[in-house]
Amino acid sequence: MNDILPDPVLSVRDLQIGIGNKLKIVHGVSFDILPGETYGLVGESGSGKSVTGLSIMGLLKRPLNVTGGALHFLGHDLRRIRPRDHRRLRGDRMAMVFQEPMTALNPLAPIGRQIAEMFVIHRGMDWSEAKAKAVEALESVRVPSPEERARAYPHQLSGGMRQRVMVAMALACRPDLLIADEPTTALDVTVQAGVLELIADLCTAEGTAVLLISHDLGVIANMCQRVGVMDRGRLVEEQDTKALFENPMHPYTRGLLAARPRLGSRVPGERGRLIELEQMVADEDRGHDVPTLVTPRGPRKEVTA
Amino acid sequence: MQLRFNLTLGAALVIAVLLGALTAGWIAPFDPVMDADLMSSELPPGGEYLLGTDGQGRDIWSRILYGARVSLAVGVISQIINSCIGTALGISAGYFGGWWDDLVNGLTNVMLAIPSLVFALAIMAVLGPGLASLLIALGLTNWSWTCRIARSSTLSLKSQGFVQAAKTAGFSDLNIMRTQILPNILGPVLVIGTLGIGTAILAEAALSFLGIGIKPPQPSWGNMLSDARELIRAAPWAAIFPGLAIFVTVLGFNLLGDGLRDRLDPHMRTRKA
Amino acid sequence: MTVAPLLEIRDLSVHFNLPRLTPFGMRRILHAVDGVDLSVKEGECLGIVGESGCGKSTTALTVMGLQEPSSGQILYRGQPLSGPGAPGRKERARIAQMVFQDPYASLNPRQTIGSTLLSQLALHGIARGSEASDRVADMLVRVGLSPDHAKRYPHEFSGGQRQRIGIARALMLDPEILVLDEPVSALDVSIQAQIINLLMDLQETLNLSYIMISHDLSVVEHVSDRVAVMYFGRVVELGHWHAIFSRPTHPYTRHLIGSVPNAEAVLGRSRGVPDPVAIPEGRRFAPDISVRPEAGASREASSLVEIGPDHFVRLADSISSPKAKR
């Protein structure tokens, strides 16, 4: 097919997630993430974007599990991999940043120690060497006075600082894939800008591929090269970011783009009424795949993993 | 599965004891006090006397049935008193805060520091033996856990939108505590209350055993044990069966309390779904 | 003679005592709200925007009587709404009501929607029996629900529906002022649009006045008539929505607007931050946003200065010496 493109870091084919065979939450989602690429998954709550991210990490909570499809990551078949091997990949080759850094950090350990642990576990370093690397990692995420901050506990840091620490932990072992699930949703807008810039800079420098999961089209637009739109457990559209905003194909995407309040879009002298999603997309049109998805590897339906 | 089992077994045991207590008048073959016959004392179980007789020739089965009335009455009524005191203090302390909260907190800590049985003993010593004083003694000494739970739940509910909304809608504080907060903490209060019934039954037995609870010859499981103390070698059944009755009843209430907790805990419910 | 505005917040301050760092250490005071002056006219929507900890929510709670002011006043049509001479809880309920941020925590899980709404009518003696149920049904229809929803419990509704119920509850007593505390920030994008449109429709048909608290600049721009930007307890810029968004002038406002991720940037239609209004020569903006204010530190004297029609910005009172001018 298209031989110029490198092999994807992550390849998701017809992924199905549900509770046994009774309740399906994700109905066959397929996408690739190329090395160094930032891929956005956008959708509303309940669209299945977060469980998709968790299934790649192998962190789905019971009774949820992957019921069908294939997940390939750097030559590993994530559906057949042994749990301990998957665990070894986590934090090393693939890492995740969550929405709420306070719950993702251990409240009883200094942050320097928590970052150092990554090096001890995955790189087999001894603690003193790992602690020095942890300070370096904090410095790389632009935490001021990193040596001092390494001794601080999570509650002593602001929300933005905690999220920087999470990014430092996630990127500590230079993973091939970073999954960021709403990484800045809990942060103030001025802090958000800094954290996003940081993720973009570090991943570009290291060539890390990013799966950015967000409900915020503004964030997605600024960060991602390609975007997949999820609705009701299906990937309804996938396009290059610019093309998606210029020419959204699925009515749901069009509705989503039209419904969001945009800064600077209110006309003086008028009320700022918004277009509602229902005006743009009928309920029966939602949650269907579009016939052909634009992907770097050609039409998705022909690919079998 | 496990949860359902706890709840079912607990409820079954409690209902069995309750039925026994209620129907004691009909199903007990002998009068627990009057049918004393020294000629038939210390008879082993079997025959005419289902569970044997005690040192004074009274039927143990009949005495256990009548004793269940005392145990249940003491357990349930004293726990109702405890739950009311604890809930009222806990909600008001959590809701108003300030000096009242400090006072209630201090009182709770004092109550937790004194072994409740010792405290009940002191009250019984002042009031003298009898059912009424038992209810008072046990009803005033075991409210601290209810109070704690009620207070902490109120603190977290207080800042929630619906309580704030009730305030802005003009409802009085008393009304808000009654209609907004109380229904939302009833679950944990009920659980603690149920678990406390077992404790209260044990406390009644202990006090009666010590001779300051229910006055003999009125049967209670505690004073039956106390009476059987001297016959433990000659007639062990006189001690075993009242002890078993206490065990089964306390176990029943504890299982019921556990089952209720799991049932009322919203996290457990979603996990099952 | 000017008529007193519907609601006036005068020199409002709310201070909280912070725990001392050491047993005999200095007493530390957090100035959550520090000398805020705002007013709301009839039928107007005042948007208060700022980041967490800027005091916007505390200001809202003070207006609702859920937080006592440390100093300053809140006046309703010239009558005090706080401090001595303030009306009781019941009277005040008919003046202002609030819509809360979290639609899940703002409804009593043990009460049906109907009983939540009916109990208000009963408490205030507005209506009884079938008249009361009719009112509840009308209100549910008005916010886009159906009358038989009254029989249901909160957990049977989606987030957007719950926010509609929250709005219905706030409107049940027919108040003049609605305080909206982040009314859409917990909702999905598509639901946000519905709720925002509903709020705007209700404002028009019921002639309501809104105070809308939000961290989301685009929502504030869409709904507000006037906007106040708050930063660490103070209003740093205030004015007509168009003035604030087309000529943001205070460095903090500019920083805030510049930080909003802009999807149009990928299309090369980058909006950028519009040009500021020139401020009088020799004056400086206050506070200096490059320095994070410490809790308890004394503050530089400053005031809101009019720099354009209905456009105010906070400048330091001290005027630089003439030598400093060019």
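Read from first to last, the chains carry the letters A, B and C; within each, the first residue is number 1.
What we mean here is this: contacts are C-beta pairs under 8 Å (C-beta built on N, C-alpha and C of every residue); 3 or more make two chains touch, one makes a residue touch a chain.
Which protein is which chain? UniProt says A = ABC transporter ATP-binding protein; B = ABC transporter permease; C = Glutathione import ATP-binding protein GsiA.
It should be emphasised that the depicted structure is a prediction, and the values quoted were computed from it without experimental measurement.
Enquirer: Just tell me the minimum hop count from chain A to chain B (ABC transporter permease), counting one hop per pair of touching chains.
Expert: Minimum number of steps from chain A to chain B (ABC transporter permease): 2.
Enquirer: Counting C-beta pairs in contact, which chain pair has more, B-C or A-C?
Expert: A-C
Enquirer: Among the chains, which has its CA centre at the largest distance from chain A's?
Expert: Farthest by centroid: B.
Enquirer: State, to the nearest whole Å, the distance from the C-alpha centre of chain B (ABC transporter permease) to the C-alpha centre of chain C.
Expert: Computed from C-alpha means, the inter-chain centre distance equals 51 Å.
Enquirer: When the centre of a chain is set as the mean of its C-alpha atoms, what distance in Å lies between chain A and chain C?
Expert: Centres of chain A and chain C (C-alpha means) sit 33 Å apart.
Enquirer: Per the contact definition, I'd like the list of chain A residues that touch chain C in the complex.
Expert: Against chain C, chain A makes touches at 44-45, 159, 188-193, 196, 215-222, 241-242, 245-246, 255-257, 259-266, 268, 271-278.
Enquirer: Would you pull the chain C residues touching chain B (ABC transporter permease) in the complex into a rising list?
Expert: Residues of chain C touching chain B (ABC transporter permease): 64-66, 88-94, 96-98, 100-102, 105-111, 116, 119-120, 123-124, 166, 169-170, 172-173.
Enquirer: Quick check: in the complex, which residue numbers of chain B (ABC transporter permease) touch chain C?
Expert: 160-162, 164-172, 175, 179-180, 183-184
Enquirer: In their complex, what parts of chain C are in touch with chain A?
Expert: 51-52, 159, 188-190, 192-194, 196-197, 200, 215-219, 221-223, 241-242, 245-246, 255-267, 271
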